[in-house]
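Let me begin by presenting the structure, written as structure tokens, before commenting on it.
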């Protein structure tokens, strides 16, 4: 088990009454226990907590009057991922997939797998089935994109990224998800806290459904999959915004952190090529 | 209560072993009872039935060897929609929306509400809140699009449709959904059988979340909302394809029908402007 | 006649040998005389001057070795635009258009008039023909877009702008051009210096072909058409970049100015609604 | 010299007065002589002939009242292409390009070279300069696209094609042009008649500017470049439509043919790898 201290602090200039919906609290899953957790709003407001969907997404909703709002989240997450040899992880054939994973084969806002299916099939269709195929997709994405902050925006899709060949973590994840779906592997987006991420920020990565479970991948190679703390899970980044607001407020400050509880617990001993699943 | 005889017959030329996933069976919901139902596959194959999600989507999965496959579905659906005066149906404010409807505010593959939010807000942002605002969106879509079979394809999105001003039922629904989400009203796609649809086919329409319930709308004005039998519910048409196949098979014939059990039950007495909800 | 002192200064950090192609010198046309002009490169390099096409575009090409390059252009432009009553300016019917203007009916990179033709026709197709119709298009663009620096980038097209409803001068011009072409009026992009532009910068506007001549329009309403000094003319901004470079150089400073020679010559007496043509 | 009998017959159902602009007559260039030519309109109408631009595009314009219109064009084209060893054809560096070819580096409606520049550079940027690099681009296009009639439409662009990996001759040409521009090689679209094209139709191919001349390429590999008769030349297919009409008319029949005058003149002896220029 690895214990990770995570947290974030967001400051908003609220100009009119605004409804905030935060998705910054770590998920509760069988393999990710939130041992202690503090969420504070300053000034103090009434906050509604809601758990949505089957993957443990936890939202916090608040109506805030004009003010300078500081939201601070701190928690300790205890991770017990399943770590396996990649070579033993096969693909689940379509006819055997649990019905609830089938929606993760559908195209979504930022992952137009319908448009890119032929490309995906040409590049990855004839590869051996299994974990290694998803790894090959991640490697292709890593090799063909330049990580370039500012090169994309909130409306950039996987098709855009495939053409322009630049992006940030969310774009890398979107393209890899799209290529997975294109060859018939269910894939979904995960937002989270990542140990040692430079510069520190919320991170975006993804999961592919293989061999009856969801396996984590980070095509940016910026963080180890054993050091990822899940916040939100969805079809793509449209489902996991850290804040959705309705009203008039502007984010003026953001800090995000994720540190192993003790250095010895730092996930340095992960075999580069191990297959990690947490849900 | 209205009883409707629905059905469809699909013939496929299956060239290689193919995994079929059908979404042609009517949903079971509190307000839509499937009283009797027959689904036949010829030749006979093993069919797995699965119910997915909260809205009663029912999928049928089968692995089929090369053959000419005929799939025939027949059912009687008993509808008990809630019918109200539109003027009494208000909008639910964001801060009061049930958490599970919030995903229907997110942009999706064919409904880029992020891109069209400003347009939606300009056109419909200052209107009085309530059912009538969604009706105004439907009227705008009806007035500004030409119903033109063949003018769009499987990758056409709401943004495309808003520019090109032509489409078919699915495009009308996608644009209306997108405009609803753009002004903060949760909206989702519904596929179904529709009484008196000309030419007969599967139909696409949508629901908007208002006043604590999902209300049906058909911006094509091709079918009465009281005569709609729900098959699938999803974020957009990406979630409700009547058939998804993995292998090699070609659809060679399709018939679809929906008839009131007795003419007297034909929903001719619906006040044009009544608000109808079935879920 | 109006005399305008124009100029620009561009500083580049040239990191490797780079081929520069500048389009910053004012055009020579029958109605725009460049009375005196100085173009300096510091450090001194060999500069080739070339006039391209029929509209007097003047390019300057230079091969520059690594250095800090300062390019300074200064000129006096004497304008003698033809100014008319809009009401007397009709449209030229397609069958009477000079063959060389026909390419300005074709869609171009940033002006997808094929995609927006139906929209253009719906909005402006039934209006009375003539200068006033182009003015109505400009007014529509002005009314429906928000001038928002940073909201668009070098790949933003008229279709994007029509959806997102924000842009800068080049986007305003692109959308207006596209709508003109959509209703059968040849239209083309003009880059230039503009008196009193705030903040000072190169400006983008357009011309429509009406009644046998090209008439100037600025849908941003940021500058008077009598105070525009033409640099480049083309199908859209793809043809009139102030600098195209091949190598490795970064723009580090840019100043642009345009001042009437004497205040009394400031074009303050232009009737708001006069029709102005300069080519 | 090769003599080719070319022609086309187009039948329109003209429902209202319509202005037609045809671009079906072969160009007159130094290396393509039109030895005899007949253009007939039935019923007889007044036809205006105009030569546009520097590449010899010849348009025919006519105003036609409601009728069934048959347009028939027949000509003998004598071709004297320059045929060279590809290995001797270098690229012209940017600093030496004639100014008038520079516009063919700009992105255009169907050739978004700005969007695909990075991709082009990654794939072809480090190759040896010269004819062989354009040939490599053509081979890449041929290898990665499936020639699929009906898979694209009039608004399909090079970026669309690069994603979806299917298209017809115009799409092949657009993608190849875009990749050439992306690595700094001027490229332009050519429409024409092609010997032995199956099925017979107007053809679309392209030219790249190399070593001081325009060289012909057909990335579909459907026709020999020595058997191509040029009709129109432009930035992309937007400039070379065989018919643009303004009014209400529908094409009901089209035949196109191109046959060597005598079988012995059939261009069967072209070395597969010869470099051919005709302008």
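To keep things simple, chains are lettered A, B, C and D as they appear, and every chain counts its residues starting from 1.
In this section, contacts are C-beta pairs under 8 Å (C-beta built on N, C-alpha and C of every residue); 3 or more make two chains touch, one makes a residue touch a chain.
Here the structure is a predicted model, which is why all the values come from computation and not from measurement.
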- Could you work out which pair in B-C, A-B or C-D copies the interface of A-D, where over half of the contact pairs coincide by residue number? B-C
- Message: For subunit A versus subunit B, which are copies of one sequence, does the interface use mostly the same residue numbers on each side, meaning over half shared, or is it different?
- Response: same
- Compute the distance, rounded to whole Å, between the mean C-alpha positions of subunit B and subunit C. 47
- Item | Rounded Å distance between subunit A and subunit C, as computed from the means of their C-alpha atoms | 45
- Item | Whole-Å gap between the CA centroids of subunit A and subunit B | 30
- Query: Touching two or more other chains, which residues of subunit B qualify?
  - Reply: 115
- Considering the complex alone, what residue numbers of subunit B touch subunit C? 115-116, 118-119, 122, 144, 159, 162-166
- Note on the structure: subunit A residues touching subunit B in their complex are 19, 21, 50-53, 59, 61, 63, 93-95, 99-100, 102-103, 105-109, 111-112, 114-115, 154-155, 184, 234-235, 238-239, 244, 246
